[in-house]
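In what comes next, chain A is part of two complexes: it sits with chain B in the first one and with chain C in the second one.
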Partner chain A sequence: MPSLTLLAQSLIAGLMIGGLYGLLALGLSLSWGLLRLVNLAHFALAFLGAYLTYQLGTVLHIPPLAALLVIVPGFFVFGVALHWLFMRFQVTELASLLVTFGITVIIESMIQYFWTADFRRYDSGYGNASFHVGPLFVPTLELGACLTAAALAFATWSWLRWTYVGKALRASAEDPGMAAAFGIDHRRLSFLLSGMCAAYAGIAGTFIALISTLAPAEIWSWIGVIFAVVIIGRLGNPVGALIAGLAIGASESLTMAVVAPAWAPVVSFSVLIALLLWQPRWL
Partner chain B sequence: MALKARRYLGPGAWSAFAALLFLLPNLGGPAFYESFLYLIFSWVALATSWSLLSGYAGYFSLGHAAFFGAGVYTTATLTTKFDVPFLWTVPIAALVAALLATAVGAVVFRLRSLRGELFALLTLAVTFILATIILNTGIDGGGGVFLSGVALPALAPTASGTIYRLGLGLAVLAVALSYVVRHSRFGMGLFAIHDDEDVAEVKGVPTFRYKLMALALSAAIAGAAGGVQAIYVGYVTVGETFAINVPLYVILMSVLGGARHWFGPAVGATLITVALFAFTSGGEALLGRAIVALALIVVVLLLPDGIVPTLLRLADRWRSPERRRPAAELPPTAVAGEPPHCAAAEKGPAILVCDDVRKSFGGIQALRGVTLSVHKGEILGLVGPNGSGKTTFINMISGHFSIDRGSIALGSDPIAGLPAHRIACLGIARTYQIPRPFNHLSVLDNVALAASFGTLLSGRSAILDEAWHWLEFTGLARHAFDLPSKLNLHERKFLELARALAARPQLLLLDEILSGLNPAEVENAITLIRAIRDRGASIIFIEHLMRAVVELSDRVAVLNEGAVIAIGTPREVMQNPEVVSVYLGKAYAS
Partner chain C sequence: MQNDWRMPRRTVLGGLVGALGLGLAGRTAGAAGAPIRVGGTLSLTGPLAQTAHVCKIVSEIYVEDLNKRGGLLGRPVEYVLLDDQSKPDVTRSLYEKLITVDKVDLIMGPYGTSSILAAMGVAQRYSKLIIQSSMGIPKLATYELQFPATPFGPQPDKDFPKMVFDALDTTPHPPKTVSILTSKFPSAQVWTQGAKAEAERRGLKVSLYLEYEFGNRDFGAIAARVKDANADFLWVGVLGLEGIQLMEAMKKLDYTPPRQFNLFPAPGPFVNSPDMNHALAFTVFEEQPPFTSRPGIAKFVEVYNDRAAKAGITYPHVDNQASGPYSSWQILEAAVTATNSLDDKVMGAWLKHNAVETIDGKLTFDGPFNHGPQHMAVKQIQDGKFVVVWPKELTAPGAKLIGP
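Let's look at the complex of A and B:
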């Protein structure tokens, strides 16, 4: 059994990576829950964002925060365009999975073409910054990702909960026909939401570039965990996604410390399967 | 004429083609062709097996790599570590994959909400878990497994010929199996699950078991293909085996060729394998992948049905006068063993007894203890304001909702708590207030499905005769070959009725069958309902149209806020002060 300090340290590490899970899960959960579209391309977009951050940072020496000024609006437009495609061809929930599967492969091929299949590491200079709390290290960047995830999750949640636009979106998700009969323009709102989701993917991508090593095939390695997070956190619930992300991150990290690092990928799916068997009310 | 020639030539041409393929290794061509054709066969088997569940029943699996990989590693482990002869390992690989699939299915198919997408993602998750387990245990250990020392049985003059023949055998087996399933009762049930699973269950399709069987069958073929693949590549690694390419290509091939046609996936698999090969041999693997992905997007958007069904539809339109037999030439409608005529007994034995049936949804008590019985040959009218629990009550009897308290018995069998398809088989059929036909099955098949699963009839012709009989009875025979979307509301309601009747129920539950019909159509329907009762069925009849209720019902029960407030002859009930107050307000009651 590892020491208490080590356990606490791995708990912190887990929560930090869990914040990133929550950040990635946010956009996916919203588009699945509120637009009824399963957007696999979300992961490809995040990695495209990561590579763009890397490119802008290493070649043009633009800091990541400034890179976001390019990525967020650019991705918003991409999200809107993607949603136009879905609306134009009246894509169903399952078909959306196939179409975005295709888009993911295309983006992956593009990334591999421009940046090769080699691993890339963005050395931003503050990648290893951290501070102490007692005997424990807290990595600054990861904490930033965590706080960003929390801020976005709570902001989106309150937006959906308290504003008319948010309420209209939730009404449309539940019954588009009825919402339309009450004068809600579902198309305009869904374009907005789809753009937002893509922008969230871009923000997550910037943090991925700063925190982890990049390779095109890495796109697929996140899918399983994030989907588990989205389902556990309940579709369309931003705060749920955040909490589920933190929980999964922490349990993975503790598994690494107590059992063995190689078994960590099994944790999220085992939690998911256990939950499906248990079927709690909130799922 | 051309059609006849085609039909006679068909099997001959197919056999000749199959024989030619089988003899190829004896012709002594370069090994490359055998190897390339093996690849096509392998993908044909995988894509066809995928469509058994995902195409027919509509549950998209992203986890075909898990079943395929289970097969790969079963063969790899058994041949290298336990010296099991290779040929033995292939059926074992199939069995292991089928067991894995059954375990996965038993978990995920129990869920009622989130079905399709959750299934897709869970199968993907299983792939990752399995890959992690294999990578981290002695099965692989991270270094991959060499099968180069494994002895091959001599099924052909050369080693590549042997593998070729194994691949051919698998592909033929998969396609034949798919054909058989498609044309069986099992296949019909899977198609119904695709369109509307709840209705399929209520019509008597054992949905849980069918989905599980389809998944296990699909996984077994994938597992066997994996076993052969292990020997073909000679060196297996977790990264290659569980790559996302497997589900991607399998889905693309099936969707491209037509996942809901037995031959579609085979066509798609051949096209894509050739295309991929053309790109990889040109040294543009990356571009090839991107183009395949783009093809997937275009096909899903533009040809949602796939190549084979689209071509068949075009061909069908071209020679439609020959193929569409007019209804007049169809088999006679008289049905052997028609239910005995039974005059409406005033007080026959009770056929349905409900005692203190309770149901609540969250805090809302939908039914607060409903006690009533229906006698044999009786029409019981069930009336009450909207929200009084009428449809909930029907849903409880047909097994769509579970019961909180109380009991329901049909004859002497308690039926509360039974799955809906068992209740349907015991002789309860229902209609839906808003018609819910199977949209991708023809009107005839909609009714045939109900006859097939609701009665003890067996044999395709007996079932079709039964279906035709009820189509004639409801006046829908001329629409037999149309899809339900072509029917108007009146006809759709009658299709609901024909489907319910085709199950030859002892008890028929009619949920607002008259609402939305014009006066002439209502007259028509009332005549029909009388005719049904005269054939011996008992009927619970939910209706708002009081004239019809009074005219048809032997007894009327009034539900209000989930409880029976009055029951008796129509006249008694209409004079009951409580009923009057519920319908017209307290002021009129006094």
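Let's look at the complex of A and C:
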């Protein structure tokens, strides 16, 4: 039987990686839920953000926070441009999956062209930093990712719930025709949201660069679990994505501690299948 | 990153003239006529791309040099390389295409156990000779015309763990307890299961045995279990970065194992990590004597170092990842030259009864699964450099295993 310390330490590790899941899921959930676009390119954008953070940090010695000042607006513009293309060619929800798959392959190839397929590690000097609470250790960077995910999720949720723009976006997602009849310009709002989703991918990318070692093919390794997080958290629900991310991360980690690490990847999909069969009202 | 992609026109023209000159110089050595086409795939994209790029550079260097020396049978050699995307199903289709559509004269194996098995099936269907350098589970290679270029020997899952524990026994305080982890990547998993059996055979206490999926992202809970077990020695059946990720997760728990072994680590991040000092790993070749004393190898090392650095490879040195494809080409050249033929069966019969001097030593193919004796070694990171520390006949003068 594992010790309480081991269980608690594993739970902390799971919650920390769960925060990163939530951060990465945030933009995808909003795009899928409110724009009806299944944006696989979200993962490629996150990794492009990670490589740019790496490049800015290692070559130009720009710290990650300052890099975000470049990445966030840059990615916002990219997200708007991408959405313009989707609207221009009237990409549907199903077609968006195929189109963004293609964009992901293109971005992966670009990353490999510029940075090669070799591993890249951003040695920030504080990558392994942690602090301890009693016998338990809390990794600093992962905690930062977790808190950032929480801040963005609650801020976005509040924005969608209490502002006119947020309400208009939700109304457009529910019934675009009716929303337009009330004077809502869905087109302009969708550009704003698409830009935000891409910017969120850039922020997630900066944390990925700081926490993990980069390789172009890593783009694909996140897709399965993040899709499960997005669906479990309910499409278009930023706080739901965060909670689902934390729950999946914690479940995976506890499975590693109590059962066996090889069973951990099964957890997210088992939870997803169970919920889809159960069909709770909040899903 | 390739920063300067816009070359001045004069540089481009100069480069073209130079390249033409070099090409002519190569041809003047005697290679003439229709080229001999050698087809193969490598995982130029996908999760195995890091190593495949090393293989690609090595093959390019070898073929260039081969053509400067007159090619094969007096004809120039052309390497027809396709990208199998690290997918065995794609590998299978591409070898089918190389043999039936492109009609290559000879084939060269891909990288990685799964892809090699896929290619081997196609080679067997068309009775083509195939040389491979990274088949970590030799007993799966039952095709008579497949020839291994890396000297794992027929049972590396038994021989290599024994070698590691023999090496550890020479230290002042040999381990009494061991934690064993492994990726479920086929060769890593099989070799690590061998390590567990060997540890138990020696009476060591296996405090922890865990398997995780290849591509696992989160090592936090695994690190917590390793810390909890706190064994004298940690064996990790890693592939690529996993060892570094595990080490970083352990550092966040303020834990460093007393000593550790990583099976197939990514050499650049591994050797450059200060936390990995004195960690052990597998090898068959390193840039040090006696390996570099083998005929013609010092020159190859020099050229490879230059090319790899220019290509942005983070560890631009020759190790077992680079020596494998070089050895493959040496075996192919030896078989063609000795038999004066491109007939796969004739070359296969010759290889079964003859030895070939390669970068990885003198290789024979007359044992089980066409393997000869193994020539594996254990290396250790010592102050930011790999040093071969076992067996004694493969260590550089003065090199020795550092252990507690």
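Please note the rule applied: the second predicted complex is superposed on the first by the 283 of 283 C-alpha atoms of A that agree within 3 Å, B and C clash if a C-alpha of one lies under 4 Å from a C-alpha of the other, contacts with A are read in each partner's own complex, and residues count from 1 in each chain.
Throughout what follows, contacts are C-beta pairs under 8 Å (C-beta built on N, C-alpha and C of every residue); 3 or more make two chains touch, one makes a residue touch a chain.
These numbers come from a predicted model, not from an experiment.
Chemist: Chain A superposed: clash or fit between chain B and chain C?
Modeler: After superposition on chain A, which the two structures share, chain B runs into chain C.
Chemist: Could you say whether A:276 touches chain B, chain C, both of them, or neither, answering first, second, both or neither?
Modeler: Touch status of A:276: first partner only.
Chemist: Look at A:265 in the shared chain and tell me whether it touches chain B only, chain C only, both, or neither; answer first, second, both or neither.
Modeler: A:265 contacts both chain B and chain C.
Chemist: Is A:116 contacted by the first partner chain B, the second partner chain C, both or neither?
Modeler: A:116: touches chain C, not chain B.
Chemist: So which one touches more of the residues on chain A, chain B or chain C?
Modeler: The larger set of chain A residues in touch belongs to C.
Chemist: Let me test your reading of the model: by the given contact rule, A:158 touches which partner, first (chain B), second (chain C), both or neither?
Modeler: In the superposition, A:158 contacts neither chain B nor chain C.
Chemist: Scan A:224 for contacts with chain B and chain C and give back first, second, both or neither.
Modeler: After superposition on chain A, A:224 lies in contact with chain B alone.
Chemist: If you stack the two complexes on chain A, which partner ends up touching A:93: first (chain B), second (chain C), both, or neither?
Modeler: A:93 sits against chain B, while chain C stays out of touch.
Chemist: Counting clashing C-alpha atoms after the superposition, which of 6-14, 114-122, 168-176 or 330-338 on chain C is the one that bumps into chain B?
Modeler: Clashing stretch of chain C against chain B: 114-122.
Chemist: Can you list the residues of chain A that meet both chain B and chain C?
Modeler: 109, 112-113, 260, 262, 265
Chemist: Would you tell me which residues of chain A are touching chain C in their complex?
Modeler: Listed in rising order, the residues of chain A that touch chain C are 2-3, 5-6, 9-10, 12-14, 16-17, 55, 59, 108-109, 112-121, 127-130, 132, 137, 139, 212-213, 215-217, 221-222, 249, 252-254, 256-257, 260-262, 264-265.
Chemist: Spell out the residues on chain C that touch chain A in their complex, using ranges where they run on.
Modeler: 1-2, 44-47, 49-50, 52-53, 86, 184, 210-213, 215-218, 220-225, 228, 240-241, 244-245, 248-249, 251-254, 266, 268-269, 275, 311-314
Chemist: Residue numbers of chain A touching chain B in their complex, please.
Modeler: Chain A residues touching chain B: 32, 38, 85, 89, 91, 93-95, 97-99, 101-106, 109-110, 112-113, 220, 223-224, 227-228, 231, 260, 262-263, 265-266, 269-270, 272-273, 276-277, 279.
Chemist: So in the complex, the part of chain B that touches chain A is made up of which residues?
Modeler: Chain B residues touching chain A: 58, 60, 62, 107-108, 111, 114, 116-118, 120-122, 124-126, 128-129, 132-133, 135-136, 244, 248, 251, 255, 286-287, 289-290, 292-294, 296-297, 300-302, 304.
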